[in-house]
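Chains: A, B, C and D, in written order; residue numbering restarts at 1 for each.
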Amino acid sequence: MKIGFIGLGIMGSRMARNLQKAGYDLKVYNRTKEKAKELLENGAKWANSPAEAGKEVDILFTMLENPDVVEKLATGKEGFLSSMAEGSLWIDSSTVNPSFSKRMAEAAKEKNIRFLDAPVSGSKKPAEEAELLFLVGGEPSDFDKAKPLFQKMGKDAVHIGENGKGAAMKIMINQLLGQSMLAFSESLNLGMAMGIDKKMGLDILLKTPVTAPILDVFRYRIENNDYEPNFPLKHLQKDLHLFTETAYELGQPSPLTSAAKEVYGLAKHKNMADMDFAAVFKYLHEKE
Amino acid sequence: MKIGFIGLGIMGSRMARNLQKAGYDLKVYNRTKEKAKELLENGAKWANSPAEAGKEVDILFTMLENPDVVEKLATGKEGFLSSMAEGSLWIDSSTVNPSFSKRMAEAAKEKNIRFLDAPVSGSKKPAEEAELLFLVGGEPSDFDKAKPLFQKMGKDAVHIGENGKGAAMKIMINQLLGQSMLAFSESLNLGMAMGIDKKMGLDILLKTPVTAPILDVFRYRIENNDYEPNFPLKHLQKDLHLFTETAYELGQPSPLTSAAKEVYGLAKHKNMADMDFAAVFKYLHEKE
Amino acid sequence: MKIGFIGLGIMGSRMARNLQKAGYDLKVYNRTKEKAKELLENGAKWANSPAEAGKEVDILFTMLENPDVVEKLATGKEGFLSSMAEGSLWIDSSTVNPSFSKRMAEAAKEKNIRFLDAPVSGSKKPAEEAELLFLVGGEPSDFDKAKPLFQKMGKDAVHIGENGKGAAMKIMINQLLGQSMLAFSESLNLGMAMGIDKKMGLDILLKTPVTAPILDVFRYRIENNDYEPNFPLKHLQKDLHLFTETAYELGQPSPLTSAAKEVYGLAKHKNMADMDFAAVFKYLHEKE
Amino acid sequence: MKIGFIGLGIMGSRMARNLQKAGYDLKVYNRTKEKAKELLENGAKWANSPAEAGKEVDILFTMLENPDVVEKLATGKEGFLSSMAEGSLWIDSSTVNPSFSKRMAEAAKEKNIRFLDAPVSGSKKPAEEAELLFLVGGEPSDFDKAKPLFQKMGKDAVHIGENGKGAAMKIMINQLLGQSMLAFSESLNLGMAMGIDKKMGLDILLKTPVTAPILDVFRYRIENNDYEPNFPLKHLQKDLHLFTETAYELGQPSPLTSAAKEVYGLAKHKNMADMDFAAVFKYLHEKE
């Protein structure tokens, strides 16, 4: 089985590497070739364009920054939808809005190419350790075909429903992630302003059932003021934007999510775009 | 040891009953005597006023609706601070703002009465089953004295720091509770609007680490549209108000909490004040 | 000079009628023919498709509900960009986001069709009385050509800059309109809750310089609970959405506008989509 | 007629000076004596305490920073309510919440002292030029008695209703002021991000009827990045806080005002507390 992989950022490079370690032959493409170095040294082939990456592969993965980039590489000049074989399978693991996934599914279908939206829950470390959770939308038979590959890159893959449903579940989860971090930041910052020691605040809040368990992972960052990015703040804000945009399209109010989107947006505006999203704690804390 | 107990609502009645079951003699007071029925039948004495409830007791508990009520019963005419013995201990388990707790501590101190702020984490069921968590501010010696009683009503008691710190930790926790429920409601509602089945949405969201574990408790409510109150929405909104008020006093921004306070406020305005706070899901869901 | 006009809703029907009264020959298209009745009785020709409306006209106006509809009628099957003559001019008066206007300008340019984005400030009554303000983006020569027509439908037309700038100015103005109405509604509602008579509240607030003068127009609605739509709430909310979407694209925070968008969104969700947008006062006022 | 005046900040010093120019004898008190210099040089007497300022005067004005300060100077040790003569009149022009004004009215009444809440609309320049607008709550006879003095300090005085109603109207107006400035800032900032020239944006927005006329005054600030305080940002934020606090007390939702309060709060947190409140434009504009 031949696999193409487009998009070798923080996430994609690690996911591709896990496929490679499992023995799959890879053909890879990235905007900057430099990030493909480790993969190429281990035997992957370099594709000079998205079209070349999609040519003569059974399955093509994409892991890209946002819907605009996905669309450009799929349907633009040298786009991979022009070169993929009929019956081959495109799996998009980028975080995008569900209506976009449905549109890509249709664009693929016109060329008799199969499509799964398969975004992942988990960031840098789970990507590295093959501990991701795949949330998948599309035909059951395509899901079954892809499942062995998902299992090389993650601990589990769930089939949510038809195309768009994987993307839907992903923005639901990332909205919760963003909100949890921000609510926690407001709570702990007020606690500290009220004179509660940071360590005691963390100790107690992190063990109550009102706190999302994932926040344990960020304790180190808050204690050490270390916001080296695993999941950059601008990407989390993009996901909140996708959530509110979808909510608008469907007429579903989401006042809290809109408020959260704006707080991350303010932090982004103030030079924190490329820090880890947990830097929203720092944004609310610092006076300058 | 003689115990007074003022405030026999959903929480207070259950807490007092657990003390009674553990063998303590109680003198109780409530605005409406009717709610004291079970306690009186089991041997508690009725006090005709707050002052009478505080007279000749070693420890007096209060579990009241908001700071205004606490202040009125403590310092108003027939208030209990006028009747409590020097050296006796007042424990306020109401959820109030920390600056209020500090003020009450001072009012007590002027009369040589000891004071602990000891709000609880947990609602109706944990109150009934003696599974509350007490968050305590005040002198260590007073904490040690009260600890055996806390253990009859709860599973644990944590000494956070001086007076006001128990109240502080409580509003930090309830802010997280309110935010978690609201963020979850927006996520699940959008999921349903995107065509994801409610059951599948609940199944997946409730097992991801981005969701606060306490939300499991509310699954039944969302599935059955059952908002019989354990923790009334108006009380949760009050706690968010205390949080934002304290944040204003201390100059700490809390944009997400303010947004959440307003969403619960809208639900309250639309006839949901006395439903369980989880009804915010219903508020965002229904079109009328 | 031959004029085409597509979109005969509350605004478009009145604008087209003013052109007709000024002596211009019109060819008109609308989703439902019924709304063209008065125009047809006065001599306008009916076009059976967008393509037919754009054929053999010098200038084609569009006044449509949102970007998606504009795009569909312009570039879809039977779209007017396929039939318009080279060198003819398309003027889009719909309220859309600036990036969309720029995209339409490019789509037109590919076919050597000229393009102006020319949204209007003003609703039903100014449309009827030719008192609109046109905010125009595009080439100065195209603006000069169109100016005589703008003057038949409005009191003024301002050339803001290149394509997209008319659309930009429009969403800036409608954001202020939506915010003004909502801020005023919160102020007056709280005044009434504090016991201030509605009439006195209106009298004083409407003459202070902190209130946008346009709100005078809505006094009647608030006093008479009359929300017959001139500018439907769902359209105002759409404009706030376009504003926040553009703000996201450009990385400019807009926390107040996002909050306003959500409040109108809640009102829309609760059956007020088709009322005048001033019904946000009613939404915040009523308890059911 | 003898007049006392307590609180000689930006506003109070100018108001007192206008009374003095009109020929009234003044006895003045301020936390720092230095600010009384000009008044003392022109014949005012210095009071060493609030109590002394209230002693043997017919009318006592207070113009103070917030409710806590008013309460302390009125009812604390050396407070003026202990020294004012029965039948004398206390006029509080501070911006406070209506429930606080009612409480002060009651405190005064217990000592047979008359009370008016009489906050003003207008900042530094109108205070200097006697162009303020007084919004007054209290008995009509007290209003009549005070009116000649209001007319020396302002262009008009309106009797709104009983005690608390003046305070109510004031927070309604300042909420609109704060919202107008913030909505305008978001609109203009997005315009500039979309490529619209700042001058053209100001030109057009300031003449449309969707913009509050008072914003003309701030054009200079925005063009020159000059935020020397007339009305400090922290005071405007305090007024929004009083609004939301009152809204909570009365169960009236105010989602937009809460959002605005938080944006000003963020600017305050980031070193802008003592700039003019128009600096919220700068806060949303700058990237650091």
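Definition applied: a contact is a pair of C-beta atoms (placed from the backbone, for glycine too) under 8 Å apart; a residue touches a chain by one contact, two chains touch by 3 or more.
Since we're looking at a predicted model, the values are computed, not measured.
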Report task. Would you mind checking which chain's C-alpha centre is most distant from the centre of chain B? Result -> C
Report task. Using the touch rule from the top, work out which pair, A-D or B-D, shares more C-beta pairs. Result -> B-D
Query - Where chain A and chain B are represented by their mean Cα positions, the distance between them in whole Å - result: 39
Requested in this report: Round to the nearest whole Å and give the separation of the Cα centres of chain B and chain D.
Outcome: 37
Query raised in the report: How many Å are there between the centre of chain A and the centre of chain D, using C-alpha atoms for each centre?
Result: 50
Query raised in the report: So which stretches of chain B touch two or more other chains?
Result: 247, 251-255, 258-259, 262-263, 266, 269
Report summary line: Listed in rising order, chain B residues that touch chain D in their complex are 241, 244-245, 247-248, 251-255, 258-259, 261-263, 265-266, 268-269
Requested in this report: Please name which positions on chain A make contact with chain D in the complex.
Outcome: 255, 259, 266, 269-271, 287-288
Query raised in the report: Of all residues in chain B, which touch chain A in the complex?
Result: 98, 121, 133, 135, 158, 160-161, 164-165, 168-169, 171-177, 179-180, 182-184, 186-191, 193-197, 200-201, 204-205, 208-214, 243, 246-247, 250-260, 262-263, 284
